[in-house]
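These are the structures, in structure tokens.
One chain, chain A, appears in both complexes that follow, with chain B as partner in the first and chain C in the second.
Right, the complex of A and B next:
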């Protein structure tokens, strides 16, 4: 019997391993195919561009050099002017290279993007600000791409005008173009503000930070005082294989992050489901009241509730006081930041996390419990199943089935859960040594300290990339398999 | 007949076990409720306690007695007169109002487009949004800080509004799940009547989307009251007049000078912040639960 179990377990483990391996293999294949696709796409579009130029009308040919010419010549004045203004604006920007905070943008930014600054600076001349040069390099590259998009749209627009004229149809006026934006091209209108926000505040900073991982921008190279430069993969090498301090610090933080994510996720998941089942029992009255009690703890901002808990557990707080009054201990225990044993702090955090997390799982499971297909229960009653059997064989498997995606998203969420660690311990108890990695620090809180407090931007960046790889693997693994993704088109 | 007689004695013992399990259920729930409510009650008790020490100052943490010996509003008065709390509160309110307007608009528009409109780059956009959402948010905060500095916007509330609302276009998954359920026939029949996509969205979709609008608005309005990482970096630790409540109250306890005697004042601030938010959550409970459940099951 037991050997059968062991065998089963082994087969499950090997199946999981195989699926993870295939996943990485697929990612590798995916990237490979993607690169080939880009290559082919580039080749095709160049060919397409050349043939289109050759076959197009004279007006469109001029549009290749003077943007909007094809439209203006056909009395689409406003549209044509818009294209023309974009071209003039872009060229002025590139050639004039406007200087912001002593650092140029435009074509000089592209040059600086490669060198990251050359002027060492002395009393009379300021040092080149490598950080701003890197940032403006990214910005200028982005602007060039946007210009290319406008350029290609200009040629397309001119070609379309060619075609319509050939067929003897009326060209749309500017007013009609605008009306299009409210109807057939409504998605453009709706998405543009969001995309602008995402490009400026998500994509641009992310690209910038990824690039920093390949430089030596750290505490010894403060921006605007000392130049920094590209160093390739050196930071990665230092963290993974070096015998330096940073690699010694990295592994414990990584392993604690994984331990934390595992226990935090499963303890909340199981306890939350049990609580939901309990509240949902037929005999329990005042269901709404019980739920409200727990929702209340979700509503309280975490900085309030967690700081309250931190003080309750402090050496002079009520918990220690109570334990001393009833005579369990003689002197106060430190549970969190100053705990004598690392594991006291770690276990306390995981327990406190139950306080934070159970209400969420409970709420979610309650919703799901109402949606368990009732015919399953009817069938079970007809077959003579007891309530307990129905619970164990219908309700629980159903919940587990429906919430598996949630389980994995919350695992990923716990890897990056910042508030609970930062507010409860700030990463302490302190581990002696450099880089300030405390023993309850997760990758994300450590990364916060490295960048904000220590100014070790490059190392912080490498850790951020690592965190991203871990969370992305987890998410893609579930997302690809989840019903929501596969049936995404079902509603369309 | 036979079955009935067999069942009768069994049901009696079953009733007994059922009753004991119900009672243990209640006991568990009561104990859990006490544990869950305790920190909240404790904060409230501290906010109202007004014991004074021998110098005549309000004492911070009183350990000798759980229930305050003297009760009053002294902590609140001290909070409003000696700290910048009123400014913090107004700052947060302004930031919350603007970011909730922008975020709700952005989230709903992206969600609707992704759910109901067909265009070429749709699937690509979905995948890119998923991947971008995985980068740890504050990994890019340094970059955001310098981008804002380049346009002279750091250390201002406007910057904070931008940061809170700009990324909200990526958090469209829950709202998309809601729009997915709206039947396409509704939209198609409106199209046949000659409505444009804009009119369909304004006149047909929005009026029936109250639950998801409220959920999105609730989330984006309460966000600024809870976040303190972004606020702290962008506003700067020294500019106390620009702080939001979260940053202000945190620095009050664990700023440069750790002062436990401020704890009761901190508690008073917490009570003022928590009351409106808890009230909003409880009154909109229904929509919140719908949102949470929809989001989780969709995965």
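Right, the complex of A and C next:
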């Protein structure tokens, strides 16, 4: 290799390294700025709150303690009562601390959230359920935040009534407020159920799962039988030290996950584009038929396809039988879980994934091809460009620009692709040494085995968090570098 | 005013109706899927008899649900409040159920304890007990027994050949087939070698969590290593045993790739579907170590009986159940000798009753189901119960920390890595360490 090439390669490598370092430096700076922003925001909010309290009317001042008082005193009875009921309900909930499955909520849940239980029972009496205490602590915290939102709304409502009264304007009735929610504030009405749903079904479970990573909730500490405790960052430290499975297998599984995601994404992407380009060629007849044939594979549920392929490729399945019958091989080849070489299984999975993924890319690319402005091709022809030049300088960049977000989501999707690995190989071939994570396990399938098979919930949670960090980092890094992000105007 | 009164009356009537139609509280029992119908019938009869004897209705609706008993313990632990009041588990799951303060209640009824002691083999006495807070209690009521047997293709193996692995190997060589397919590579599937006993003395040097002590594990005795060397010869023979493939053992025996498989009662239906009238069921064969296999003081020509774990499925009851006053009587009824025989006749469950072979009339006959029962009972006498009930770590370390894979490496001897006695011994010392600590030693 010439010294010029070496220098060029070194230059590219150093540019990539600088780019990655700059990215992480920007993340660090961003986090620092965000923390400062939060701190300043909190300070400003406190000052604003105190100032507002000082400058408000007596009725509003009382509303800070008895919710809805300001509204009720100004004859907004229903609105005031609603706020009052919310306050009474919240205080009742917090003080009475209702018990569910022998575990309290409310104020006692906050206390239990810190200790995760103190009573170790015996054969006849139950032990504190640390898992429920953790869960109820999160739920109670969520309820407190929701109450604070209602409290803030109560203060704003009373302050607004103050201002309207000062200006001599009529205060809106409850019916008028409801009418406004269906008109000028309709967006609030539509967003509220969605936000509540997201909080209950996404945010709370995610927070709960993240917190488990900081405990020793595992097979030796089953909930309700043995107390578990907070252990801080110990589980994360174990990834990089110790001799346990998580430290030995994390980097190999992560490496395979990245390799798989890369090849699964780009093989489907390129093959799908090539197929779409081929079908789109003028010389090809029955275009609709070909597209339909390839799209039919989407109609078959993926798990059926994968199980069928597993049987087809098994040692005594049709493929091996055919190869042995025509004399190409003497004994059956193991392609999947029992493959002698792990790369045989890995490559087989990537090839099988083409069957699953190509139709989607082909479909999308076909749609894009139909929408490429024809005047670009005409202009290129006039300028003397060849068909290949038109393809490489018009068609491909156009496709890449439109499909960059799809590429990113596809890449992330393949990192967390569970079905294909679980159904084809179950993570096998196994790795000598008795590790749960096999040679074809991805982070998500390993996470599944750790939690469902081994009840190592804390380790599973750690892996889930690491998977999120990796996918979020990769997504942000790639998207911000892409033309779709940087050069949007060029394609509009 | 009239309308308001009418509305109030309607509401009151609805509430009263709903209260009157309130669902009766249910006493839930989990049994194996294949036995659900049978035990529901038994419990319906129990409730009827109770009503007649006590002149009042049994206070609960009794529901028997079929579950996968292999995972019943894990399912129960995921949500104990929603779990059954009485459920069936394999005895080796006891450890995880009684960890800490225990999720199941001990047996305290003296009549039930007496029935358990009288009706079950001595080998079960220890494995149904566990220690909580330093005190030992009896937790399980055995009612089904299980052991591994040999399912074989009668078309290729004669009744004489099937008595020994050498005979089966010869039959396989003649037919150019594999002698044995494994159903998996876990610790259950190597037990026919690891738990093998001297056929004459019925002794083995193997110790597995003896006396419930995590350090009492020993798998490097001369006899055990001799057996493993024989096993290596068996697995490396071109017509010998083979590890499972992606096709699965049912395809292999159905397509006559292999002529025998070691399995439990839960494999019976699949084996019958694969082989049909060619299915034979018998106890696991014996084998004889030669001068090539012997290690240390084990003499050449020693005959060994293939081993097995002898398992009990037992009823356990939920701790803190509000129906506790009734549960022990129900378990005593369901595990009684008469119900066990009925369960065998109608649901094909092998009874755990110790004298079943001699006392149950239904144990005579030639059907393949009777062959399965007799073979299991014969293996039962030779097997050892899985000794994992004392501590939740035992089952975990034995099955899930890689020890079975290390044993399989010895047997398959790929790249001749285990050609020497020293290599086999070193590997088994690692296996012992994993059983004791759950961790593979780094040196």
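We take it that the second predicted complex is superposed on the first by the 448 of 492 C-alpha atoms of A that agree within 3 Å, B and C clash if a C-alpha of one lies under 4 Å from a C-alpha of the other, contacts with A are read in each partner's own complex, and residues count from 1 in each chain.
Definition applied: a residue touches a chain if its C-beta (ideal position, glycine included) is under 8 Å from a C-beta of that chain, and two chains touch if they have at least 3 such contacts.
All values derive from a computational prediction rather than experimental measurement.
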{"item": "Which superposed partner A:409 touches (first chain B, second chain C, both, neither)", "value": "first"}
{"item": "First (chain B), second (chain C), both or neither touched by A:165", "value": "neither"}
{"item": "Which of chain B and chain C A:317 touches, first, second, both or neither", "value": "both"}
{"item": "Touched partner set for A:451, first chain B, second chain C, both or neither", "value": "first"}
{"item": "Chain B versus chain C as contact partner of A:183, first or second or both or neither", "value": "first"}
{"item": "Which of chain B and chain C A:191 touches, first, second, both or neither", "value": "first"}
{"item": "First, second, both or neither for A:115, with chain B first and chain C second", "value": "neither"}
{"item": "Contacts of A:141 with chain B and chain C, given as first, second, both or neither", "value": "neither"}
{"item": "Touched partner set for A:344, first chain B, second chain C, both or neither", "value": "neither"}
{"item": "Residue contacts with chain A in the superposition, chain B compared against chain C", "value": "B"}
{"item": "Overlap of the chain B and chain C footprints on chain A, listed as residue numbers", "value": "101, 311, 316-317"}
{"item": "Chain A contact footprint on chain B (complex, rising order)", "value": "18, 21-22, 25-26, 28-29, 32-33, 35-40, 42-43, 61, 63, 66, 105-106, 109-110, 112-113, 115, 117-119, 125-126, 130-132, 134-136, 138-144, 146-147, 149-150, 162-163, 165-170, 177, 180-181, 184, 196-198, 201, 222, 225-226, 228-229, 233, 246, 249-250, 253-254, 263, 266-267, 270, 273-274, 277-278, 280-282, 285, 288-290, 292-293, 296-299"}
{"item": "Chain C partner contacts - residues on chain A that touch it in the complex", "value": "101, 120-127, 219-227, 243-244, 310-311, 313-317, 332, 334-338, 430, 432-436, 453-455"}
{"item": "In the complex, chain A residues that touch chain B", "value": "100-101, 131-132, 135, 179, 182-184, 186-187, 189-191, 193-195, 197-198, 200-206, 208-209, 275, 278-279, 281, 283-284, 290, 292-305, 307-309, 311-312, 316-318, 321, 355, 359-360, 363-364, 366-368, 402-406, 409, 412, 416, 418, 422, 426, 444, 447-448, 451-452, 457, 460-461, 464, 467-468, 471-472, 475, 478-479, 482-484, 488, 491-492"}
{"item": "In the complex, chain C residues that touch chain A", "value": "74, 77, 80-81, 96, 99-103, 105-106, 132-133, 135, 137, 243-248, 251-252, 255, 257, 319-320, 392-393, 396, 400-406, 409, 434, 439-440, 442"}
